[in-house]
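As structure tokens, here come the structures.
What follows is subunit A paired twice: with subunit B in the first complex and subunit C in the second.
On to the complex of A and B.
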């Protein structure tokens, strides 16, 4: 009861403070309650701006002027990875919990889709239709992700990273060595996107729009949650869990709920990624991908839910084209150097670079801080 | 005026497009080459690239009267990465022919992708999964190398000739060793051998004590299908545990790592038999010429191996097939490459290890070599060719309806 009341109050405070539309008294109260909290809500007060529309039109029109290859391999793949990294940004940037198990959650969804749905392994797959297999896959992944969260919220900082990394590696080993359910080293081949209402989502352009729709969904879901009482409380917990606890918030419950939300986003990304690749193998959930998701999130910047998508675009572009720029045996050096440079010059990733640039050139005195 | 220019440009583009069919034969042919330059097989992938490049160098970069342009891509032995790299070569770089990838899982994934690009010809790199050509084969995916099970044909008989009637299997737990074990067992079981126990160990496992403890007393030999360094690990631990059974090796087991083994049981390695798609000591002139050519083009100082690895050989064979096919059709890739593919399917390919023909699934029928470890005058260990088996097909001498793809439990003869 107490916690509920507190949360309600908090929500009100959050809204009044940031929409800046109510009276003086409440504003004062709001300020006194959490003065330094770095809640990332500045952009939402702004109405739709020209560059929002520009990005929207660009994304929707992308398949028209880009080749099918760019649409699929760069566009769809980046958005799918961006969605998985978004779940990490949500957890890490707004919940203060760096979980390396987000790729694992996505992988669980992918594996479940292959197991309950159709794949090339007729003996192991149940062959159910997509409309029943997809919800089951996402549900199981959300349960697993919540479980992972429940296990790891008892830890902080580096220990959270360690425990989620351990879970990720354990799941990889399980997939690699279990043949009766996960089909071991080979995994599942021929896991394809379905044809719905006459639209074949295996085709490049429809698949791009499917991923784009899911990416929009994930993006606005995160944006909505961050403004909602729950999200504001989560950011409060990130900044000062003890004070939030004292205010009557159930810190652990909020954190576990954040894991559940993140698991849902990652699971959707995982389903899309399996459809994108048409297969899932233990390597898809191996350590390198577990870390790559972290790289994508950090690269883009964890300050804003658009960060992981920007990071994913840069990551996928580098993965695809670095080999053309540089000697074939050394091209990983390019990828590594770019990552290093971005992290070195801007701890906030590409978004941080952008903000710094804006501070310097656009609004000499405009305070982002 | 501006509008007129635009119309003219468009018109000329249309004319160009219409004529491109005829102009094309004078142009270059783009070949995409995919190998793993990252991850666990990076060294093998680099050598595979050397082999493929050697095939192009040998004809001065021309085939069928057209210049060959090679575009390379890399993966890290993961199927999804391999498909991404292949998709880039085919859809972005617009290659005409695709050669690759390197490992089994990648091969299956690229084969599935090849079905979505029916106008491009895909030729395998060195991937050796049985399922690639046996399960849901693709009409535009060709494999001119034999695979893991075919490599072991003849070894079962050689083992029985040595008096090994009961053999225990110790192998890594994934598709390639399954095929290797199947290649050995299908023959071995057919002619009366018994395999009472199979131990599947995790890939990259370092501790074999639990497996060693399970080795029965009444067996005659161990079939060890482990990668080179793991095989040495196993030998060390087996020696420490007081084991004394002779070893039969898989195709990648009796490598230089094993031959350089310095343990007390070193001498017991003499007489170890194994089988594979090539043998360093093979004395046919084609093989010697290939080795000499490799050594001339890639001296050890440039990072190459003293003798070409399996990957170099197999990539060489597949690239040579692509180029020989181009020669045979005189560079004509028109009509969705139908004529080219038809030629590939029917040709007899000359390789350093004997002639190769394709079966109905576009899979190679080729030669397997049985080798035995011998000791030379200086006390060094070498592999010597015991005999070779020609015309090994993917059915391993079985009827199509009896054949099952190898797995943990298939075949079985306890």
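On to the complex of A and C.
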């Protein structure tokens, strides 16, 4: 394979610099049983800035000033999609593995929730309470996602895309064909969020806060992992697997573990998405949604865990308001063209555009190492 | 090593042979018709996937718009056949239309991002969405079914065991073989084929010897895309043309090249036969789980030969 094949073409600048330096640092100290890991950014080097608080306040206060429609359709939906896309960003941006099966993992969680929990199909659903059904659904999805990872880490780069896409489409066909477990074309209707401690999560505002909490959880989980030894090693593997292997890291194990983490995030997103839609059908895991998750992640930018959420907001806004701007039927054309434009002109997504704009118009801030 | 190979062959061959024996004893006609269906489907898969694997082998470009080119070729063939009435003209038109679009993609986009495999793949994803939606916009969602030309219409009678079989589908078998042989001759006996093979092995050295690599790339991309369009016209008769078929054929191409080995035309043939036969037997004997067989094959191959049955370690 040629040198660039296994590499992630996008988001290479910026990230490689620090990982390479941390790699050199551990090299200088020589080999040891547990190679020292230099943490990239300590929490105190990354202080809470005004815009962080602003975003936090905005997100928490959003249902107060927004209409229920905006809260639910835009807010909750983009956060749920953002969460699924976040799992792809984690895998792709930091692990160097673009997996198109993340929506499939989310869909497995959704299907399992409908099968073990309650749905309109009483004959097929087991009807267990949410507090059993949700953990089981997530567990099965994580096992499936890890299995998908185990299969696809045997290959690298673009091969991963092909295999995960094949798996995703195969799962879609299975859901469509199979009536005894997946209920075929109809899927499962009326899969609703439960009422917990008197709070009915089917209502728009409580559901928004539920999704928001999960999104925060996912975001900070990824942030934390990226600073933890595992995350730093993962980024090292992304940049140079051979060197990491020589340093004593188990490359395959790290990659499969990354798939497991990503599967967990995607599974939570999948459960939320089913509750949001109130149903799951083969279409929810169809090719277009498998690809849409990639579009969301790339649109936002894979350089930072906030990227997928930005991408999801843009995507959902486009999807919702497309009807006012142009023919509703032509949404795919628009999103495809936007995606093409981003890939062609700003591979780092909207975050990359923003960074370029800052470089051009703002003076570099002092004090940043 | 020798023993292990034998052991694995036995593990795979014994259940398959047992199934075949049972199926022949149970219903020989069904078994052989399914076999023929599988092989003719494999022929279509091979034609489409060989283009995919050709492009991939040379340029490391996973052209995920390959399915869209298939659909495009099929539609073009359909309308040409409707206007002119000549099936061969439709085949030619499907090939040329898809080849032109492929050429355009290579010249206008991929030339500027050589070596950035992942970005190229993303671009093909974007293109596939756009092309699929443009086709849906322009042509609509209704099913377009092309009829076979007169000299291939109707059944072929008098075959032992299965009595009759569609002439058109039967003709696909030699067609697939002819295309495979032509492709092999093109790659192994012509100058440009030699350049393509050299490019597969080492692009840098090929350029260094003074070959116009861009021309080789453009030719390969045009032929690869053209094969998708050619397959589209065949599929317009054998299957049907409807939005969604692009994804189906893309998936088939992906699995064929993953199973057979990426970048190898012979591998594409092997993969196409395995997939085509497995898919039709699955549909005939276990309809609601047929995709599971495909998936099991994929998993087995990935687990034991990650680069495909005929794939070489790159």
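Brief remarks on what is shown
Assume the second predicted complex is superposed on the first by the 308 of 369 C-alpha atoms of A that agree within 3 Å, B and C clash if a C-alpha of one lies under 4 Å from a C-alpha of the other, contacts with A are read in each partner's own complex, and residues count from 1 in each chain.
By definition in this document, a residue touches a chain if its C-beta (ideal position, glycine included) is under 8 Å from a C-beta of that chain, and two chains touch if they have at least 3 such contacts.
Given the structure is predicted, the values throughout are model-derived calculations rather than measurements.
Of the two partner chains placed by superposition, only subunit C is touched by A:165; subunit B is not.
When the two complexes are overlaid, the chain among subunit B and subunit C that reaches more residues of subunit A is C.
By the touch criterion stated above, A:177 is placed in contact with subunit B and with subunit C alike.
After overlaying the two complexes on the shared chain, residue contacts for A:185 are found with subunit B alone; subunit C is out of touch. In the superposition on chain A, A:247 contacts neither subunit B nor subunit C. In the superposition on chain A, A:67 makes contact with subunit B only, not with subunit C. In the superposition on chain A, no contact is made by A:351 with either subunit B or subunit C.
In the superposition on chain A, contact of A:284 is made with subunit B only, not with subunit C.
Of the two partner chains placed by superposition, A:225 touches none, neither subunit B nor subunit C. When the two complexes are overlaid on their common chain A, residue A:265 makes contact with neither subunit B nor subunit C.
Taken together, the two structures place residues 177, 179, 288, 329, 332 of subunit A in contact with subunit B in one case and with subunit C in the other. By the touch criterion given at the top, residues 67-70, 72-73, 77, 120, 176-177, 179, 184-187, 189-190, 277-279, 281, 283-284, 286, 288, 319-320, 323, 328-329, 331-332 of subunit A touch subunit B in their complex.
Listed in rising order, the residues of subunit B touching subunit A in the complex are 37-38, 46, 49, 72-74, 76-80, 83-84, 87-88, 91-92, 105, 108-109, 112-113, 135-136, 173-175, 202-203, 408. On the side of subunit A, the complex with subunit C involves touching residues 1-2, 4-5, 7-10, 98, 151-152, 154-155, 157-159, 161-163, 165-167, 169-170, 173-174, 177-180, 287-288, 291, 294, 298, 329-330, 332-333, 335-337, 339-340, 343-344, 347. Interface residues of subunit C, counted against subunit A in their complex, comprise 60, 62, 64, 109, 115-119, 121-123, 125-127, 129-130, 132-134, 136-137, 203, 247, 250-251, 254-255, 257-258, 262, 287-292, 294-295, 298-299, 302-303, 306-307, 314.
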